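Here the structure comes first, spelled out in structure tokens, and everything after it is commentary.
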Amino acid sequence: MHRQRYYTLTASCPDRVGIVAKVSGFFAAHQGWILETALHADDTAGRYFMRIEVRADSLPFHLAELRERFRPVAEELGMEWKISDSAVKKRVVVLVSKQEHCLYDLLSRWQSKELDIEIPCIISNHDTFRGFVEWHGIPFHHIPVTADNKAAAYAEIQRLYEEVKGDTMVLARYMQILSPELCAAYPGQILNIHHSFLPSFVGAKPYHQAYERGVKLIGATCHYVTADLDQGPIIDQDVIRIDHSDSVEDMVRYGKDIEKTVLARGLRYHLEDRVLVHGNKTVVFR
Amino acid sequence: MHRQRYYTLTASCPDRVGIVAKVSGFFAAHQGWILETALHADDTAGRYFMRIEVRADSLPFHLAELRERFRPVAEELGMEWKISDSAVKKRVVVLVSKQEHCLYDLLSRWQSKELDIEIPCIISNHDTFRGFVEWHGIPFHHIPVTADNKAAAYAEIQRLYEEVKGDTMVLARYMQILSPELCAAYPGQILNIHHSFLPSFVGAKPYHQAYERGVKLIGATCHYVTADLDQGPIIDQDVIRIDHSDSVEDMVRYGKDIEKTVLARGLRYHLEDRVLVHGNKTVVFR
Amino acid sequence: MHRQRYYTLTASCPDRVGIVAKVSGFFAAHQGWILETALHADDTAGRYFMRIEVRADSLPFHLAELRERFRPVAEELGMEWKISDSAVKKRVVVLVSKQEHCLYDLLSRWQSKELDIEIPCIISNHDTFRGFVEWHGIPFHHIPVTADNKAAAYAEIQRLYEEVKGDTMVLARYMQILSPELCAAYPGQILNIHHSFLPSFVGAKPYHQAYERGVKLIGATCHYVTADLDQGPIIDQDVIRIDHSDSVEDMVRYGKDIEKTVLARGLRYHLEDRVLVHGNKTVVFR
Amino acid sequence: MHRQRYYTLTASCPDRVGIVAKVSGFFAAHQGWILETALHADDTAGRYFMRIEVRADSLPFHLAELRERFRPVAEELGMEWKISDSAVKKRVVVLVSKQEHCLYDLLSRWQSKELDIEIPCIISNHDTFRGFVEWHGIPFHHIPVTADNKAAAYAEIQRLYEEVKGDTMVLARYMQILSPELCAAYPGQILNIHHSFLPSFVGAKPYHQAYERGVKLIGATCHYVTADLDQGPIIDQDVIRIDHSDSVEDMVRYGKDIEKTVLARGLRYHLEDRVLVHGNKTVVFR
């Protein structure tokens, strides 16, 4: 992690000659000190992706002016782009149910500033973790979800997310399926951790499915949520070895270690603007 | 690997009190020196699995008599069982197409005696590797497979397998789908290496499927062949990390390293009688 | 995890014919229902190791009588042995400094009963985590360690450990080196997590050492503490891939994920009596 | 792998503002189509590293002129640099002893053109693999190495390497230690595969050392050879899990799978000019 303040440009555009020259030339012309550059040409899609970190104090103007001056470059190249500021912390709303592992893990990383974010609130369909969350000084909202109140519940979640100006929503083993409306409202903002190595074992009880199939590795997948259940763009995945002696309960236990690690890793990539979505796939500049 | 000759008992039976006592008591009564014991109780299935290696020279009788004397113990316990002899090499028939990696890998292990087996012949639907195989002193049979001759081709493969008294058939990236008859004739004898992490990406072109889905790990699966394509009992699996910069061609290349390693590992477990099949799952005593 | 109460026998003895027959015969004679059996013959050392779980309610007597009746069997075999009771929770004293990751991870597993233990107290050389620990209802003791007070500090730690009847001490990134006396007093009871893949990078600042050497994987090691720094019997290890772009700070961050996972895994093996120490090596019956 | 011919620029220079702008500007000015760009700023060393692939047919001049025109750019930036041509195959001399696994693996990749190289000859201190190598149409030289003839043997190896215009030497489990003179003559050209996870277990019999220490993972390391035994810059490493049941012989067998994979991976990075050495460390642009 860089201690100095920096801006991060992420962009994609149709591939052509001279993209890097144009963009790096822009920064060089203003004495911009580039900390990190990652580039990717997708030959199949004919598209170019980039992520550039530049030290804020090396530029002779502020962020608003940087954006203004960069705009013509971006337009010439037909870019989708944004520039973020490391001094502006992301605002992450976490949704949990009754399982503890991802929540403890995220709060551990948050309190040590490994995750340098704001958590304006944590929402759950159970009251289980109120005390734990509030001890950390974070507001906790208990929004039960039943067969009858789903629409109202999701509306309330959306209202809260808007109210606290959230820019990222994390489903940290939140055992409810968000409404299509909610998914559609925040594309590329909602991260889920699914407890299987997708596309294997979509949907409910993946460890039971894995047990029945007799696989020798189980996994977890961090992906952006879309209206199609467990079909969104994959950010990260990992697996762990099991064998015949492992029961479903053992698999659940092993799985937790993978889930929390993969979620934390995927979230980190997202927060640092390392993930660029293209269609249903991601470019992840680690 | 043990240098002394040993017998390997593999068995399964309904779980009950005293199974191990009875079996180990049998060997102890004859001063049998046990080299390795592996046991597994499947609570869900209510079934007990075991694998015991005993030094041949520690027993006061030969294999035939060992089997005869063990029979009443096995019958009392309702066992499915067999006893193999490390001095009798398995006879492995290998089927290949035009990809080299699994073939080179298997022959490398065979010539160094890491795989202490007989390879009575290698069969291919292409003539590509005739010279390489024959240089190793192994008979090579070119049996083309076309849309029209499938029945005859598979009949010829079966005839050869019988003729050379094969007891294991390895599909080392053999790009044809065996006939249901052939699969049914040799349950638990035919090993395949599938180039995906099953159950993801069954069937043709799994790396293309993986590329389209944007997964972050790709894998390979060694399994017993059954009449259901890519659905047989899984013996071993592994994965390797990829990222957005990897094309399908890159994935194919990475995949080869996993395929040959997983096939070799699965084959070794099979050859050492470490794999017990139960339903569509395996117990693998590594 | 088994829900029923069970006893766990762990034992080792000189290898000879009939060990398993004698031990399993003992349990079978009393209708003992064996849940899990793991056996290992160390050919080099000529020593036999075993771990057997037997359902408590299947035996016609209680633990004290079980031990009494098993004693002659054990003596005949020249065994080192013990039998533990799943109903008696282990008492684990945790030592921490100022890093949070292992502490959060252990408390997460403890509060969900994944680790079904008592934590009678947590000790630290800093006051950092007092609030967090006490919120969980666990007594917290701040015992500063300075160049001048080491003897007194370690004496106080030992006094507390005795007072709360601890049977396991966990150094959860406790940044102090215990006195040789303390190490010697509790062989096989004190677990440490070292932040390198031992035997590489013994001692201080292993990530800095790893950075200097330019390794491509970094790791962590859970081991029993002995008077020789970072030389005790290894219980578990794992690694994670890094590359040239990772600074020491990045390595520290990646390392935390490995450290907490390896410590939790090693601790679990220890708590379930899956670790048998022989000389400076371990048998770990996973 | 790109099918079109391309040039690869690898370079490093002191870090400053505008490096990427200058280099990419140079290529853009000539309509150079960049296929792949990898960049790395080493903050500690204050040095910048880059690797750029540009399509040969997109440039209006040939390689010699490209080098001539790029020279002023490189000089202005104080670069160490080179440009290689994908149409010029690297010439790789392989040294082996009596172990087969790396040799089979390399020839498998070579014959399928996964490794698109020339192997002008293979040298061994044993005659074991003459037939196998010659069957592949590759000249084989048996150069015995004894206590008495070392100087002459290494001189002969060097003579052959020069004669065949080798540019890369691979020690594929070649069990001899090259002379300091030979090491010094070809810095960054000689790759070795060491059968341990360096810096653990330097020197002879690393698996025996690993067995004695009781580690739970074993590994292999591909590195450039320098005059300091097993101390050269590390290119790649990997590990595999073992446990108490594995003998030294088992570890040797497992190790082979890691050794050949890590060597092949390291060699590939080297051949594609993905490895930049700085001091005793490497930047590897995968």
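Think of it as A, B, C and D in the order they're written, each chain with its own count starting at 1.
Keep in mind that, in the parts below, a residue touches a chain if its C-beta (ideal position, glycine included) is under 8 Å from a C-beta of that chain, and two chains touch if they have at least 3 such contacts.
Chain by chain, the UniProt names read as follows: A, B, C, D = Formyltetrahydrofolate deformylase.
Note that this is a predicted model, so its numbers are computed, not measured.
Visitor: Look at the interfaces B-D and C-D and say which one is made up of more C-beta pairs in contact.
Guide: Looking at contacts between chains, C-D has the larger number.
Visitor: Could you find the chain whose CA centre sits the greatest distance from that of subunit B?
Guide: Farthest by centroid: A.
Visitor: How far is the middle of subunit B from the middle of subunit D, if each middle is the mean of its Cα atoms, in Å?
Guide: 35
Visitor: For subunit C versus subunit D, what separation do you get between their C-alpha means, in angstrom?
Guide: One centre to the other, that is 41 Å.
Visitor: Hunt down the residues of subunit A that sit against at least two other chains at once, touch-wise.
Guide: none
Visitor: List the residues on subunit C that touch subunit B in their complex, please.
Guide: Contacts found on subunit C: 17-18, 20-22, 24-25, 27-29, 31-39, 41, 58, 241.
Visitor: Can you list the subunit B residues touching subunit D in their complex?
Guide: 1, 99-101, 104-105, 107-108, 111-112, 114, 131-132, 135, 245, 249-250, 253, 256-257, 261, 264
Visitor: Report the residues of subunit A in contact with subunit B in the complex, numbered from low to high.
Guide: My answer: residues 40, 42-44, 197-201, 213-217, 219, 233-239, 243-245, 247, 280-284, 286.
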